[in-house]
Structures are given as structure tokens and as C-alpha cells.
Amino acid sequence: MSSIGTGYDLTTTTFSPDGKIFQVDYAQKAIDNSGTAIGIRCKDGVVLGVEKLVISKMLVEGSNRRIFSCDLHAGIATSGLAADGRQIVNRARAEAANFKNFFGDAIPGEVLCDRIASYKHLFTLYGTRPYGVGTLLAVYDEEGPQLYQIEASGVGMRYFGTAVGKGRQGAKTEIERLKLSEMTCREGVLAVAKIIYQVHDDAKDKAFELELSWVCDESQRRHERVPADLHATAETAAKAALEDDDDD
Amino acid sequence: MIPAPQKHSYALGPGVVAPAMHPEYGRAIQELNNVNYPKAGGQPFVVDAGHGVGGPHQHTQYPYVTGTSVLALKYKDGIMVACDTLGSYGSTKRYKSMERMKPVGKFTLIGASGEYSDFHYIMKLLDELTTDDYCHDDGQNLTPTEIYNYLTRVMYNRRNKFDPLWNSLVVGGFHNGESFLGTVGMVGTCYTDSHVATGFGAHLARPLFREKQYDDMSEDEARALLEDGLRVCYYRDKNSINKFQIAKVTAEGSTISEPYALITEWGYEAFVNPAAAAVGTW
Amino acid sequence: MRARAKRRSNTLSTLFSSIPRSRCTTSGKTSVDIRSHHRSRRCFSGILILTLSYNVYWQIRPREGSQSRCYQKLNNLDRKMMLSAGPQQHGGPTQHASWSPYDNNGGTCVAVAGKDYCVIAADTRMSTGFNILTRDQTKVCKLTDKCLIASAGFRADAITLHKTLQTRGIMYKHSHNKSMSCVAMAQMLSNTLYMKRFFPYYAFNLLGGIDNEGKGAVYTYDAIGSYERTGYSCQGSGQALIMPILDNQLKAVSPLLVPPQDGATPLTQEQAVDLVKDCFATAGERDIYTGDEVEIYVINASGVHKQTQELKLD
């Protein structure tokens, strides 16, 4: 009983006297310690961005992705334990495929969010441990573009813009300043790249790779990585903005 | 709604009793076989083979809404596929705007004759695979050859379960500068060729293709030849309508045309009394 | 009804008798000449063929009283299906579109073994009934560097069989770090066929290759796995036409001889290839399921060599 949990943190089946499930809190910690992931909903789509911390210079570029498609029209950005994230994505893909198989149409964002949330929630009730992964879900369905965040606790909520991971506080502040309802995704990509560069902590983490994806009218409502040229533009602009700030 | 069973052959239609449905017919055919019929060959006019000839017959299911021939050929830029848009309900022209050609991924196109719901199911399988490819986003996508081989296995495995998918499929594709054209049948029979046709097309259109098709033919030539094929099929196949779509698969991807009609000519003397020149027919 | 049946059968006989017998009579020319003189792309086209070969139905169903277990099973299945689903009519048999799990795509395979070589060949025509599906479909599949299989019959079964054998050959190589010997492959083919004893592969196979002593080997099979090593063999639609030629030209060694005699033919490799070409030219002349082209593979110490020979297209 060395930790503060004093015995109430050994399993998800036990509440602490304060009404907490410590395992879930710890899972949230794992998420809070990982590279930032942010998502914003613009007027014509959703943009996801991830600060993927590069653990070794020897790593092949583009490996260990953290943004995934789970259907043509839906994408997920993960933060937290990478392996847990992949598991969640697998589940999301299965849910999407199952829905399409049964109902013949693409799974609506709300439903997909619910399904992922329920899945995560199961692990706060039984058996092993909760998933140490925060999930940003970007969907473009009949209802329009939507952004959801699903936490380790199994709570899923819809957002205009949100962030998870290390730099979430700073990122959220920046997102709040954006006029999301007037912004196109093309502008959103630039904004997301800029924020990720801004919240990146050079002192603690050295290298990172910027991952950007979108699902919007321009991409025919498909979730895909932003085109290489736009990605490059966004990255250059973000770096330039950062240097301007430094100069000030 | 499931149609009530009828005495006539579904394949030949009402009013025409398939020979095999009647023991007398069956016997007549068998006698024929004994005389000069090749042992390994087909039996003339036998559609519901086995009825009244060899004891209880096997069946598992029955095609309800069906499409007729699909024609396809190779040309200079890739593959051209064509078929009409009719969905027959037995011998009723039930649905007149059914698309029987569908793209799969970027480089492939499937055309289907036979049971339409089975075709839907097949497309569902393929869509799942292509969605999977999309999600993985690793630059690896199903090639026409892979799709063809996959379908071969699907069709063959279902026949092994005695629950066949009641289709003949045409797979056309263009990938890495090479065109691909193949066909898969209900029991898994498959082959690739420079031109293929399912159903009646194999009898009516392929002879034309054999005469005129060559792999370097221009798009216009290919279209003209394909339309000739469609036209003869329309003249002779009662389960067809004059509403066709032509699709092509090239390096640019696949495009399916809007439905359109062909100019037909019914004034030929041979059409007036088609039996006149064929002694013994009726 | 009866009168109509009669009429129909008359019609058919008329049609049959009016099949143009355009096949040539050849003097002892080589097969190349045959083709160049009588190559015709139109022979299989036209309405005539349409009327004749509406549907192919090949039955291997045993007649009443000799039902195998397999078909009892199938019939049970039938009954279940009839009870559970599908339109039914009282007091009469259910009318369904019926289908056969088999087709016969024809084709002929020949193999001849010599002292240090093996020739294995098959035509490339694929047909169904009176219809040629394609003129360019190989029936031969390379299983190992020293072992090839050729299969006539139902193409889908043959493909499946070839794939199975190829896969197992690769798995064998991975676990034993050497290729499967021809003898082992022969046994495995037999086992594979017998595994489907009650729903057989409708494939007629020849296995040809070089055995561990470097001698040519030919294995010949029936559809359910009975097999024998011979000096030469022929399978498929042209079997009845070619086998007598081979017997006449080569003469099988009596299996009764003690000590057993080597079954390999005394021919040189070139003679064997020529014989095979002649055989196919002959079969192509009379068998409508054999034609278009023959692929001839020679397996010897230096590897596998392929050559082709054109056949008649009619």
C-alpha cells in the first residue's frame, strides 16, 4: 500500500471511500502524459492534428501512426498508450463495418461515439484495466461534420474543438480563440498545425512529427490525411509563426 | 413475395415445357444421347436437368430477380463492359433500371448476371475489403487479379456448401499499365480472356468478338463492337431490354455510362417468319 | 405432349445431322500443317451451337439403388431444404431451378517418362458443352522444381487442387528445408483426392517429374485417388483416342515381371516430345474438347523447359 490509493486502486471493481475508481484516474494520467492531439470542427468539416513524439531518431518516418481511419467517413486520433489506441481503433472499425453490414449505410457519428464509449466503459467495470487512451473522433455523416471525445472513463461527448494529452490546456485556450463557425477546414489545418507547434514543449520533448487529417467537403467527406502540399504549407507556417512569437 | 411453383420451366418461361420436366422428353433425350451425343457434353434443351430422368434432383435455392448477359472486351486503353439494366422476375420484366455493373476500388469493375441479391451480397463482401484497404491507408489496394481470385474462391466455396451464389461475374480491371479481364461462374468455373460474355452473350456476342476483337482496338471500335454484341443479345434474348450501360476501366479509373438505347431494326424479312428457313423448327 | 416431344426430338436429329462435318482428313503431315490449312475461327460460333448446347449438365450421381453415402447426405439436405424453405406445391414435385456442382471443362493431358526425363503436356482449350470458354487456359501447374501436375476435367476443382498441392509443397519446404520429392508429391496427391472421396474433385490428373534417382516418373490417377506409377499415361477427354496410340508405340512393361522392370520408355527426349505432339494432333482432330494449343513441358536434369505447339481451332 505504498501509493495514495491505499488499497482502493488494485482493481476497477472497487470504489474508494471518496467515490473514485482510481484505475480510471490512472488511465487518465497515462493519456495526460502523451503527445497532444487536437480536433476542431470547422464549418465544412473536422480537422485532427497530433503531436507525435518521436522516441528515436532511428525510427522510420511515418511509423506508429496515431491518426487512423475507421471507415470512409470517420477518423480517430488517439493519445495515451499507443497499443491501447490501436485496439480501440480496431474496435471502432469493427463497429463501423458491422453497422454498415446490418443497416446498409455508414455509421452515424453519434452511434460510433456511443459504441466506442460503451466499449471503453466495460473496462471500467470488469476484469483487467481500463484503456489508457483518449480518443478524438471525427465524423462527417448526414448530420454534417462532428467531433467527439471519448475518455478512458467511458464518457463520450461532442465538441466544437478539444484537445487531449500534454499540451491540452494551452491548446484548448488557443482553440477557444478561433472562430470555428466561420473557418474552413483549409484554414483549420493551418490553425491546428500552429497550435500543435505552439504547445510543443521543446525543453522536455525533442523531436515530434506532425500528423494531420481531415474529413470535409474538400475531401469528398472522406477521412484522409491532409494532402502533402497543404501539410507542408501548414507546417512551414506554424514554424514561422513560432519564430515570430519568439522574436516578440 | 415468393412466386408459386409452376409447371413450366423458369428458365424457358411459361408455355414452354422443358424437355426434362416430362419423362417422355427425358427419355427422348436419353435416346439421343445413346446415338450420337458426346458423353461429356451438354444435353440439348435441358434446363432443369435431372427432372424425371435421374430420380430426386438436388436444389438448394432459386434465383428470383435475375439479370441477363454481361459482355466485356479488352481494348487499347483498358476494358469495356456492357449490359442492360433489366432485373427479371422469372420471365417478367420486373425492374428496368438496375445497375448491374459496379466499381470496386480504384482499378476494378464487376459486372454481374444472375441473381441480383447475390450480387448485392458479393458487392458487400468486396466493399468491406476495400474499406479495410482504405482504413489501413498503406498504399496497398486490391488489384483486379486479386479481386478475381478472391471471387473465384468465394463462388467455389459456396458451391462446396451446396449453397451457390447464383451469378456469373465479369471482372474487368486496369492496374499498373495492364488490363485484366476474367469471369467467374456459379460453381467457381473461371477463366481470363481478351473478351468474355456471360449467359446468352457467350453464344450470341462472343462469336462477333472472336471475329473482330483485338487488344489494340480503339475506344470507338470497341464501343461499336460491344454495341453490336448488345444488339444481337437484345434481338434474341427475351429477358433483355433496350436500355444499356457501357462501362470502361482505364488508367484514369472506372466510369459507368448513363443508360441509353440502341437503334434497332425489326423490319428484316428473317424476323417475319423466322422458322421458314429452318426446316423442322416451329 | 407426346407428339410434341417427338417433334422436338426430330428437330434435334435434324440439327445433329446438319452439323457441318468440315473436319479435314489429313495425310501424314505434321500437325503444324493441319492447323495452317484448316484453321477456322468461326466453327464454334453461330446459332446452331446455341440451340444445341443450352445447358451442360454432367452427372456423376449414381443411379437408383447405388447411392453412395455422399449423395444420401445430399438428398437428406434436399429434403430439409424442401421442408424448410422454398415454394412448394401440394401433390407434385417442387419445381426448382436445379444445378450441378460440377461442370466438365474437357481437355487432355499426356505424360511420358524416359530414363532421365519426363514430358508432360496438356492442351489449352477450356470448354463447357459445345461452348469454348477460352482457348488459352493452362492445365499444367508447377509444384516443385522437379514435379508438375496436369489436370483435365472441372477447372474450378483442378485450380483448387493445384493451389492446395502448391501450398502444401511450400509448407513442406519450410519445415524440412528441401523440396518435396516427386514420389512424396504423388502420394500426397492421392491422399488429397481421397480426402474428398464422397464429394470428389472432378479432376483427372497426371503427375510428372524426376524422382530421387533422377529417373523420369509419371503418376496417373482417377478422381478419387487411386494411382499408379507408369511409364506413360493420358487423361481427360482425349484419353480414349490417345491411350491406344501410346500403348501401340510404347508398350507398357508387364507388372507381372520378376524382378520388376523399369517402366520408363526407351525413347529419347526428342522422340517423346514428337510422339506427344502427334498424339495431340490426333486427339485435336476428333475430340472437340481438345484443341487450340498444346503446352509441352520437359523436365530433366537441367530444369523445366516449356514449348508449345498449335492445334486446330475448330
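Going in written order, the chains are labelled A, B and C, and every chain counts its residues from 1.
Definition applied: a contact is a pair of C-beta atoms (placed from the backbone, for glycine too) under 8 Å apart; a residue touches a chain by one contact, two chains touch by 3 or more.
Just so we're on the same page, UniProt names per chain: A = Proteasome subunit alpha type; B, C = Proteasome subunit beta.
Since we're looking at a predicted model, the values are computed, not measured.
Chain closest to the overall centre, judged by the mean of its C-alpha atoms against the mean of all protein C-alpha atoms: B.
The chain with its Cα centre farthest from the Cα centre of chain A is C.
Of the two chain pairs examined here, A-B and B-C, it is B-C that is joined by more C-beta pairs in contact.
Put simply, the C-alpha centre of chain A and that of chain C have 60 angstrom between them. Averaged C-alpha coordinates give centres for chain A and chain B that are 48 Å from one another.
Mean C-alpha position of chain B lies 26 Å from that of chain C. Within the complex formed with chain B, the chain A residues making contact are 68-72, 93, 97, 100-101, 222, 224-225. Remark: chain B residues 2-7, 10-11, 17, 19, 21-22, 24-25, 28-29, 31-32, 36, 38, 40-51, 54-63, 152, 155-156, 159-160, 162, 164, 185-193, 200, 202-204, 206-207, 210-211, 279-282 touch chain C in the complex.
Listing the residues of chain B that touch chain A in their complex gives 124, 127-128, 131-132, 134-135, 137. In the complex of the two chains, the chain C residues touching chain B come out as 1-2, 5-16, 41-42, 44-47, 49-59, 61, 63-64, 74-75, 77-78, 81, 85-89, 93-106, 126, 128-131, 133-137, 154-156, 159-160, 199, 237, 288-289.
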